[in-house]
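One chain, subunit A, appears in both complexes that follow, with subunit B as partner in the first and subunit C in the second.
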Partner chain A sequence: MIGFLRRILLIDIFKGLALTLRYTYSKVYTEQYPREKVKLAERYRGAPRLNNDPETGETLCISCDLCAEACPEDLIVVSSVRDPESRKKVLTEYTFDTSRCLFCGLCQEVCPTNAIELTQDFELATYDRKSMLWNRARLEKGWDRIEGHKVYHK
Partner chain B sequence: MMETLLIYAVIPLIKIAVVVLAVLLAVAYLTWLERKLLGRIQVRLGPMRVGWHGLLQPIAVGLKFVIKEDIIPARADRLVFSLAPMVSFIPALVVFSVIPFGPPDMLSGLLRWVLPLFLDPASVNRVIESGVTTGGYVANVNIAILLVFSVSSVGILGIILGGWASNSKYPLLGALRSSAQMVSYEVSLGFTILSVLLVAQTLSLVDIVQKQQAAGVWYVFVQPVAFVLFFICGLAETNRLPFDLPEAESELVGGYHTEYSGFRFAIYFLAEYAGMITISSIAVTLFWGGWLRPFPNVAWLGFLDLVPSVVWFMAKVFVFLYIFIWVRGTLPRFRFDQLMQYGWKIFLPLAIANLVVTAAVMLKFS
Partner chain C sequence: MDEPTILDAQELEINMGPQHPATHGVLRVKLKLDGERVLDADCVIGYLHRGVEKISENRTYTKCLPYYDRTDYIAAVSNALGYVLGVEKLMEIEVPERAVTVRIMMTEFNRIASHLLWLATHALDIGALTVFLYCFREREEILKLFENLFGARLTTHAFRIGGLWMDLPPGFEEAARKFIDEFPARVDEYEQLLTNNRIWIDRTKGIGVISGEEAIDYGLSGPPLRGSGVPYDLRRSRPYGGYDQYEFDVPVGLNGDTYDRYLIRMEEMRQSRRIIQQTLDRLPGGPIRGKVPRIIKPPVGEYYSGIEGPRGELGYYIVSDGSAFPFRVRIRPPTFINLQALKRLVKGHLVADVIAIIGTLDVVLGEIDR
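What follows is the complex of A and B.
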């Protein structure tokens, strides 16, 4: 009897309608990505950057080669020369192959001076493979400030 | 001479132009509303890019349809194929000629203001009092409801012709389904309307609304069963979900309009949405008091008359269109045997029973 009444009075259909009405005026989860900046998690790992000392402008890298050792893909190459006076290693070149990078973050974990860092930039697409190989100059500038790179969100 | 021309040619033509433009605009923005609402039901945004909140989207879509290639399948019946969308679309527009958007004296104020610019006062009065010009409708036909249903049945013919002429399997299946569905549901639709006609005792849509005003009650409260049946059968008549078996994107790849592209497809699309507006307008006219404000005879609610009667009409139609889309976003499509079962085993007996009871009650109390 109750089942019959439910069918006659279309109770289930009205329940469904109530549900969709609730959803109609609920919060929308769409992110208008190219127009708006995507909300990234704080721990998101994106484009690599080689940090400079903010005061002196000198690189923080001490050429210890730990990042290259830690990298599971062996995509970091650190080149350095030893300064004959101070007996310190001086960084000459640092290459980072983003085409092979899996963004595991082991390089920044292992870095004793926080020189290499994975930033939150993620628009890494390029027009050719060559430009996926980043040299020191590019790494130090940071992805979003490189000339010719179009930032899609303001 | 001048007056006759004005009464029987110029003013009706202007009215027709206004109604056609308004309907086309409403159809365009109905598609926008549908995409927006379906989006929101699915927790998406819907169109956002073209114009503010996608408001120019219908124009972009229309433009896209017009400039797209018009493909006619090689083995299709060319004449019928190109005729079918028109057969579907023109009746959908014709129906609006008898739908009353406002009371018979709706335009008298406007005419009194405009006409003296080119006529002397005596003939202005004659034009206004001719009884043809001032109504908020194109024509007050005394068989309006018959006209609506005979003409809109022709529109269904367009669907069947289109499916047949495509010479393709899916459209043919869609057309077959459509004819079966229309035959089963138009009968119940007719019976629900008959029971309203028994109460109103007139076939003119204008008179039906005025009878509702005189009775002081909308007919939905007199004929609730008829209204529910009318609404469900209306969903079926306009091929809307959960009865959109003739289209059935998932099974029939669009059904009768699978082979249509470009402008012809757009015309089918227009016809379907115009059909939605038609059914909503008729439901509003027959059951929800047409252009009347809520509680039309309660004096202290007189401030509601500040809102023009057209706006009341459009608001009611809007509510119906909203429900159409809302139902589409909620219910899945029926199976074909379910469709037939509901049509013949539930709706038809209910409609007939409702008609018989109405007739008996009317006989007893009149």
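What follows is the complex of A and C.
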């Protein structure tokens, strides 16, 4: 009998409607993404950056090639020459192919000097494949500071 | 006699998918219809094949791990757990207690996230849009936790062989506690919208019925198996990774229909929450990574590591030939095997129910095709 009444009077449907009605007047949860910049976690693995020493401005990379070894996709190429005086390796070029990157973070995990780092920038879309191959200059600048990349949020 | 036309046709063969939104990816189902009624169904898969198993043969044990995130992309944390447990067993690596606890906590969070996504899309397919939005709100909270701990939301690369990548970030425990405190009320809300809803009951009760014996014969696992009344949960039947120390119930269904499988998943979310509560209460201190050799070279041997993923038994069969590269990693994807039952389940139902049945099997095509 009770079941029948519930069915006739659509009690359960109205219960559901009451819930949705309550939400109509509650706080909006959605983030307005392109207008508001999303705040990402500190550990987020996004666009790569090759860090410079903040004091001297020299690159932190010691050309040890560990990142290239650790990368599952073999997409990092580190080129270096040996300085004849100090016998140290000097970085000449560093390329990073963002189109093939898994953003797994293994490269930054092995880097002994924290030179290669995956940053919080994630808007990596470009119009052609060529510009997904990042060279040293671009990596050192970092994605957020590259001129000409579209600004989505003011 | 006139030429036969389409109007005379007794049987009609149509394609559902691969670009059909309700097939949850790129599944193509060839349906043989008599009017609205389904006579037969054939699945065509492989549109998303990337050869993850083959790729693993050419990567070291450490480098394989990110690829498994991309098989079942909705339960990436579970995928990682199955594989790392296997490699650790092969190499006899001791994992510190803290890492073990965090692993269980995160896999359970992942189970909730995965079930939420399932509920959202399943309800959406059947026609309940509101639940979709509510579920995504809760799932977003879990993804934020993932982002804070693992550094990514979906392809988490969650665990490392021997432990974790980094320790819990500051504020993580509070955020996790806040989530699990609020969560039961949320599940009640979903149930308020669906469980007694006439439309929902009519669309799911008695749809896709499979008996327990038959489910075992088909090799089903996870909620589709438990929905038919078989209490088989690997966390209980063959505990792995420290699950034997936690208290939880394994819900089972009675009728083996879509409605029962829905109820089971709802209850599983509550049980997962219970496990998370226990992990948070006991979370021990200490290191997060065990003693792992620099180069991971398991001794010659093979090991099958099976875990209870959100969709069923997820297994990694790892064969080592003693080198730094796995000789073979065979993945036993739960949904690949659950999907076989589709042909059996849809027979005699209407086309609209096919959607409900695909939904209730909770298929993820990234995992089926690998």
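Just so it is clear, the second predicted complex is superposed on the first by the 139 of 154 C-alpha atoms of A that agree within 3 Å, B and C clash if a C-alpha of one lies under 4 Å from a C-alpha of the other, contacts with A are read in each partner's own complex, and residues count from 1 in each chain.
Definition applied: contacts are C-beta pairs under 8 Å (C-beta built on N, C-alpha and C of every residue); 3 or more make two chains touch, one makes a residue touch a chain.
Quick caveat, the model's predicted, so the values are computed rather than measured.
Look at where subunit B and subunit C land on subunit A after superposing the complexes, then choose clash or fit.
fit
Please determine whether it is subunit B or subunit C that touches the greater number of subunit A residues.
C
For A:Leu102, select first, second, both or neither according to whether it touches subunit B, subunit C, the two together, or no partner.
second
From the CA centre of subunit A, what is the angle out to the CA centres of subunit B and subunit C, nearest 10°?
With subunit A as the vertex, the angle is 70 degrees.
In the superposed arrangement, does A:Pro72 touch subunit B (first), subunit C (second), both or neither?
After superposing on A, A:Pro72 lies in contact with subunit C but is clear of subunit B.
Is A:Thr24 contacted by the first partner subunit B, the second partner subunit C, both or neither?
After superposing on A, A:Thr24 lies in contact with subunit B but is clear of subunit C.
May I ask you to decide whether A:Ile13 touches subunit B, subunit C, both, or neither, giving the answer as first, second, both or neither?
both
Have a look at where A:Ala41 lands relative to subunit B and subunit C in the superposition and call it first, second, both or neither.
In the superposed model, A:Ala41 contacts subunit C only, not subunit B.
After superposition on the shared chain, which partner residues are touched by A:Gln32: those of subunit B (first), subunit C (second), both, or neither?
first
Closest Cα approach between subunit B and subunit C after superposing, in Å?
Between subunit B and subunit C, the minimum C-alpha distance equals 5 Å.
Indicate the residue numbers of subunit A shared between its subunit B interface and its subunit C interface, in ascending order.
Of subunit A, residues 13, 16, 19-20, 29 contact subunit B in one complex and subunit C in the other.
Quick one: which bits of subunit B touch subunit A in the complex? Just the residue numbers, please.
Listed in rising order, the residues are 37, 40-45, 48, 326-327, 329-331.
List the residues on subunit A that touch subunit C in their complex, please.
Residues of subunit A touching subunit C: 6-7, 10, 12-13, 15-16, 19-20, 29, 40-45, 70-72, 102-106, 109, 118.
Please name which positions on subunit C make contact with subunit A in the complex.
59, 62-67, 130, 137, 140, 144, 147-152, 155, 157, 165-166, 169, 189, 192-194, 196-199
For subunit A, which residues count as touching subunit B in their complex?
Contact set of subunit A toward subunit B: 13, 16-17, 19-21, 23-30, 32.
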